[in-house]
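Paired with chain B in one complex and with chain C in the other, chain A is shared by the two complexes that follow.
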Partner chain A sequence: MTLLGQFALWAALLLGLWCVAISFSGRWQGRPELSASVVRSVYAVCGALVVASLSLWTGLINHDFNIEYVAAYTSRNLPSYYTFSAFWAGQKGSLLFWAVVLSLFASAAQLLTPRRYADLMPHVAGVTTAVVVFFVCVMLFAANPFERLGFTPADGRGLNPQLQNVGMVIHPPMLYLGYISITIPFAFAVAALLSRRLDTGWIHAIRKWTLVSWLFLAIGITLGMWWAYVELGWGGYWAWDPVENASLLPWLTMTAFLHSVMIQEKRGMLKRWNLGLIVGTFLLSIFGTFITRSGVIASVHSFTQSNVGYFFLGFLAVAGVLSFTLLYTRWPALEAEVRLESILSREAAFLFNNLLFVGIAFSVLWGTLFPILSELVRGTKITVGPPFFNRVNVPLGLLLLALTGIGPLIAWRKASAANLKRQFVGPVSTGVVTLAVLLALGARDFYALMALSLAGFVAGTIVQEFYRGVRARRRMHGESAPLAFGRLVARNRRRYGGYVVHLAVLIYFVAFSGMAFRREMEATLKPGESVELASPFGHIYRLTHQGISQYETLNRIVSAATVSVTKDGKPAGLITSEKRQHVDSFKRPTFEPSTEVGIRSGLQEDLYIVFAGSVQGTEEAVYRFNVNPLVWWLWFGGFVLAFGAVLTMWPGGGPLAPAPARAQAGYEVTLVGAAPK
Partner chain B sequence: MKAGRKFLLGAALIVGGVGFLIAEGVKETGVYFLTPTELAAKTASDPTFVENVGFKVGAKVVPGSIRRDKDARTIDFVVSDGVKRYPVTYRGLVPDTFTDANDIEVVVEGRLGRDGVIRATDVLAKCGSRYEAVPEA
Partner chain C sequence: MSDIHSRRGFFRVLGAGALIPLGAAPAQVQDSLAGRGDVGTLRDPAAAGRPRQPTRSVDDNAEIQAIEQRLACSCGCTLDIFTCRTTDFTCTYSPQLHTEVVALHQSGKTAREILDAFVLKYGEKALMAPKPAGFNLMGYLVPGAAIATAGAALLLLLGRRKAAVARAGGAAPAAEPPASNASPEELERLRRALAEVDD
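And then the complex of A and B:
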């Protein structure tokens, strides 16, 4: 099967080169058969890469350990779903995954884009295929997933135990889907520049693509936090590690872009800024791959260090120079149609929001690169860690949270004093009341107080927006409250979906500020001994060490330490935390031991137990106990965010939308039936 | 004042604020990242460095140097870059990747005592191949 895979890669390369050459030469203009050929070659490349992927999967599932990649990432005793997901467990497979998904997206973009953008499509085909060709080249010339070994090992090395987690099956593909789909909006932006169609057309064409990739990135990042929390055992979910930062950077600039395109659509401003943002976002996604794959920055994620990173650096440089040169040559055509009228306008709020997003992205980038920069400039390596990122980003993040509440309240163009008063009284009072309640309850952490009161303010804004929308519909159409609510959201999905996303963001902030109150304690306990731990919500946990049991299972030897818990004197069950030594099918240890955290999650707080080891083979155990407040809300916020984003991009909705689908009609009918009259 | 001017003022405030936060953050939280050889050079040229300045040292653990005390919560070991060696003492839980295997790379954060021992506040271990399989011995 590797021969087929290898052949398919070469086929993809040749077809891709044809597509890129014709597209960029411009020969297709006025020659419909050539433009059709450019578009068809996108599908052909996609077909070839699908064949390559299927042949890699065949190798994995058949345990063909003669393939280097299969031997390096799987073993006979690995559960089959991990054998399947080992496709993206290593670098070479990830490259193939990236290439095949990108060409699937590129084909979808060709198929799904309305005909009125037909003149952009050959350009789009050229740009997307150029990126695919780059990935195929990296595989063929530096990291070939189909490489064979000179011998066939009896068993593979197995998958890293930390990757043997459901989150790890979904987290990398989600992030990749986010990174990869950024290429589509980027390709449309370049196509608009190349064809000089610089109206807002390209922005309409990519609106859903940007939302899709923004959502995938957000889900990927949140899943990554969840994975780090349950699997790495240090007690938190975000450590400002370079690899984490690399996933955050394009998400930040993408979020800025999602806001600033609204100004371009409504007011014809910010054309250059938007193009710059989307190009920057694409480059940041490539940059992220470069720093994670090259090992230039020390990270706990250190993947194999290889020259693959430098392919990415080269690509980054070429893509950056070409796209910014292109942007420069079209600069005069991108003049704004109007000027800013007032500082008290939604445009201004959005502009400040954009500056803050880009400022945060810049500070994260700066902190991530600082070891390299300081070594270059001053000769000594200086590193900055979580204290730096928190110090810089907490205040900026809070300003941003405030703008989340202010933006929707302020009118376009110019807000009047009466308008400001009418809009702000409710939300601001909510924020002030929140602050007063928290102070009365005894909370004292400054930033947490700020975050929670601003969250109250933003919640006030969102509730007020929904309330006024419903009230207006009830007055105008005489609808019942639930019907008015349903129709309000269904007819203005973009706006109210956006508010749901804002709600998710404030839930994230609430969860983040919970960590300011976390408690931690280490203890060495003999069986029967116990310790007490007080939580920030005033609960008292009593933790009694029960003992350590050892057993063998599927692909590991497990030492499990069990703690019985009482909460405020009432029994709250047993929690087990494990040390696992993974072994291959000959019982030889494969990786360093790994920890399986014991977590009891609740709406208020998580009890988080790490079994750090036993004392010299006895049943005396070393534990670390954490109480982490409000963590559950982070995962819940992830669901709210996904719901809001899907609502925003759900087809139909606006006044220009086609007739509603059947399902939607049925939905409305049930609402009418259920509505109390 | 025109709207454009006001906006530019606000923008300048944000940009300036971001710049200030970054500069101040680096100054307040940045730590040296040194090899044992560089640490020796630093302490030789600047005697105030001892006990006063926090740093990180990236080095390898000398095989066989790891001593854990009875309750397994204090750990002593020696790091080296092949030229200079420094003993380290650390109280706390070390990560899973910190094993007695050969060739583990560690990043030790802490300060140097007058006795030449690094008092670590944090120990990160990196088995050069965390997301890769262990090479065949």
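And then the complex of A and C:
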């Protein structure tokens, strides 16, 4: 199968080069057969990469340990779903995964894009295939997943225990889908620049692609937090690790784009900015890949250090120079159609929102690269960890949260004083009341107080927007409240889906603020011994060590330490935390023992138990106990965010759809007394 | 790992078991009764990770934990000493660094002095965040300064445009409204309805 895989990679390279050459030479213009050939070669490249992927999967499933990649990441006793997911567990496999998914997206873009954008599509094909060709080149010349060993080991090394988690099966593909699909909006942006079709057409063509990409990244990041929380065992979910930061960067700039693109659609402004954001987002996705794969910055998530980093650095430089040069050459054609009329307008609020999103992205990038800068300038190695990022970014995040509430309250074009007063009274009151209640309850952490009060303000904004919309429909149509609510949302999914996403964002912030109140303790307990731990909500947990049991299962020896829990004197069940010694099929240890956390999750707080080890091989256990408030809301926020994003991109109902009977986006206004439609 | 996992080892243990007189207690007993009797020994201690020492009160000292959260572990994990020693139980660096922090703390040094001692011994990379002084100040100030500058520039630009519009004699001409057959009363109701939703 490796021969077939190698052949498929070379076929993909040759077909891709043909596609790129014809596309960028422009020879397809006026020659429909060449134009069709460019598009068909996208499908052909995709076919070749699917064959290569199936070849690697066959090698993995058949335990062909003569393939270096299969021997390095699997073993005979690895559960089949992890054998399957080992495809993207290592550097080489994940490059192939990236290439095949990008080629699938490129094919889907060709198939699904309406015909009115047909003249953009050969350019889109060229750009997407150029990126695919780059990945194929990296595989063929630096990190070939089909490389064979000079011998065949009896068993493979197995998968890193921390990757043997259901999060590993879902989180990386989601993140990759987000990273990879950014290429499609980028390709459309470049196509618009190349073809000089710089109206809002390309923006309409990519709107859903951008949302899909943004959603996948958001889900990937949230799943990454969940995986870190349940698997790594340090009690948190975000450590400002360079690789975590790298995933956040394109998400931030894409979120900025999703806001600023509305200004271009509604007012014909910010064309240059939007193109810059899309190009920047793509470059950040490649930069993230460079960080993850080059080993240039220390990270717990990095792949093995290899020379593929140079490929990515070169590609990043070439893509950056070409894209921005192209943007520069089209600069005069990207003049805004209208000017901003007032600082007190939604356009201005969106501008400041963009400033903050891009500013936070810059701040995260700056912090991530600052150790390198310090070493270059001063020759001194420094560590830039969570205290630095929290100090710099938490205030910016709070400002952004405030703007999440302010933006929807300000009218387009120009807001009057009366309008501002009417809009702000409710939400501001909600925020102030939230602050007062928290102070009365004894909360004193400044940032947590600010986050929760602003969350109250944003919640007030969202509720007010829904309430006013429903009230307007009820007055105009005499509908019942649930019907008015349903129709309000259905008639403008983009707007109200956006509010649902805002709701998710405030839920995230509430969850983040909870960690300011976390409690933790270490304890060594003999069987039957107990400790008490008070939670920030005033609950008292009594934790009694029950003992350690050891047993063997498929690919590991498990040492399970069990704790019985009472909460405020009432039994609350048993929690088990484990040490796992993974072994190969010959029972030889493969990795250092890993830890599995025990978690009792609730709406208020999580009880988080880590079995640190046994005292000199006895049943006396060392534990770390954490009470982490409001963590459940983070995962719930992820669901709300996904729901809001899907609602936003659900077909129909948008303001761009032909709706002649609609007087204003989102509201079907019928004049009282007029004949029903 | 115990050799009971190999066939030969299994028969050896079985054979040895047959020689144990009835009623004699085995050398290793796993305690299954919580809170009763002696603490049992694990069947395979190596599988439960690095042997641990019982937690001391200094391990749980909030002041020491706070100091350790500001110091980086030198094992390459990118975590602070406290997080590493309570998470990566295979790390041999963080327990050693913890011992150093405890020793310094017990010798009466303040948190600042302990941090300085670590910087002196391991270099600036021992701190989880660089000291906000000298070149490092750039690290803290550049993002905020960049955003503030961009924000000020944006405000200035908007102010200038507003002034230019005012000089030109009012707001930019609005697009011609589409012709409507509605009566003034109907238009007023529409205006009120739109004001209600205020998009």
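Just so it is clear, the second predicted complex is superposed on the first by the 652 of 677 C-alpha atoms of A that agree within 3 Å, B and C clash if a C-alpha of one lies under 4 Å from a C-alpha of the other, contacts with A are read in each partner's own complex, and residues count from 1 in each chain.
In this section, contacts are C-beta pairs under 8 Å (C-beta built on N, C-alpha and C of every residue); 3 or more make two chains touch, one makes a residue touch a chain.
Since we're looking at a predicted model, the values are computed, not measured.
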Fit or clash between chain C and chain B when superposed on chain A: clash
Chain B versus chain C as contact partner of A:Glu619, first or second or both or neither: second
Which of chain B and chain C A:Val425 touches, first, second, both or neither: neither
Partner chain in contact with A:His545 - chain B first, chain C second, else both or neither: second
First, second, both or neither for A:Leu163, with chain B first and chain C second: first
Contacts of A:Trp412 with chain B and chain C, given as first, second, both or neither: second
Which superposed partner A:Ala72 touches (first chain B, second chain C, both, neither): first
Partner with the higher number of touched chain A residues, chain C or chain B: C
Chain B versus chain C as contact partner of A:Ala21, first or second or both or neither: neither
Touching partner for A:Thr380 - first (chain B), second (chain C), both, neither: both
First (chain B), second (chain C), both or neither touched by A:Leu396: both
When the two complexes are fitted on chain A, the stretch of chain B hitting chain C, from 60-68, 78-86 or 114-122: 114-122
Set intersection of chain A contacts, chain C complex versus chain B complex: 233-234, 298, 300, 339-343, 348, 351-352, 355-356, 359, 362-363, 366-367, 370, 374, 380-385, 387-388, 391-392, 395-396, 522, 524, 579, 592-593, 595, 610, 612-616, 620, 622, 624
Residues on chain C engaged by chain A in the complex (per definition of touch): 1, 5-6, 30-36, 39-55, 59-60, 69-70, 72, 76-80, 83, 86-87, 89-90, 123-130, 135-136, 139-140, 142-144, 146-147, 150-151, 154-155, 158-159, 161-162, 165, 171-172, 182, 186, 189-190, 193-194, 196-199
Sites on chain B touched by chain A in the complex: 3-4, 6-7, 10-11, 14-15, 17-18, 21-22, 24-26, 28-34, 38, 56, 58, 70-73, 92-93, 95-97, 99, 101, 107, 124, 126-134
Chain B-touching residues of chain A, taken from the complex the two chains share: 72-73, 89-90, 157-158, 160, 162-163, 233-234, 298, 300-304, 339-343, 345, 348, 351-352, 355-356, 359-360, 362-363, 366-367, 370-371, 374, 380-385, 387-388, 391-392, 395-396, 522, 524, 579, 590-595, 610, 612-616, 620, 622, 624
Contact set on chain A toward chain C in their complex: 232-235, 239, 241-242, 298-300, 338-343, 348, 351-352, 355-356, 359, 362-363, 366-367, 370, 374, 377-378, 380-388, 391-393, 395-396, 411-412, 419, 423, 468-469, 471-472, 475-476, 495, 521-524, 526-529, 544-550, 552, 557-559, 579, 581, 583, 587, 589, 592-593, 595, 610, 612-620, 622, 624, 663-667, 669, 671-674
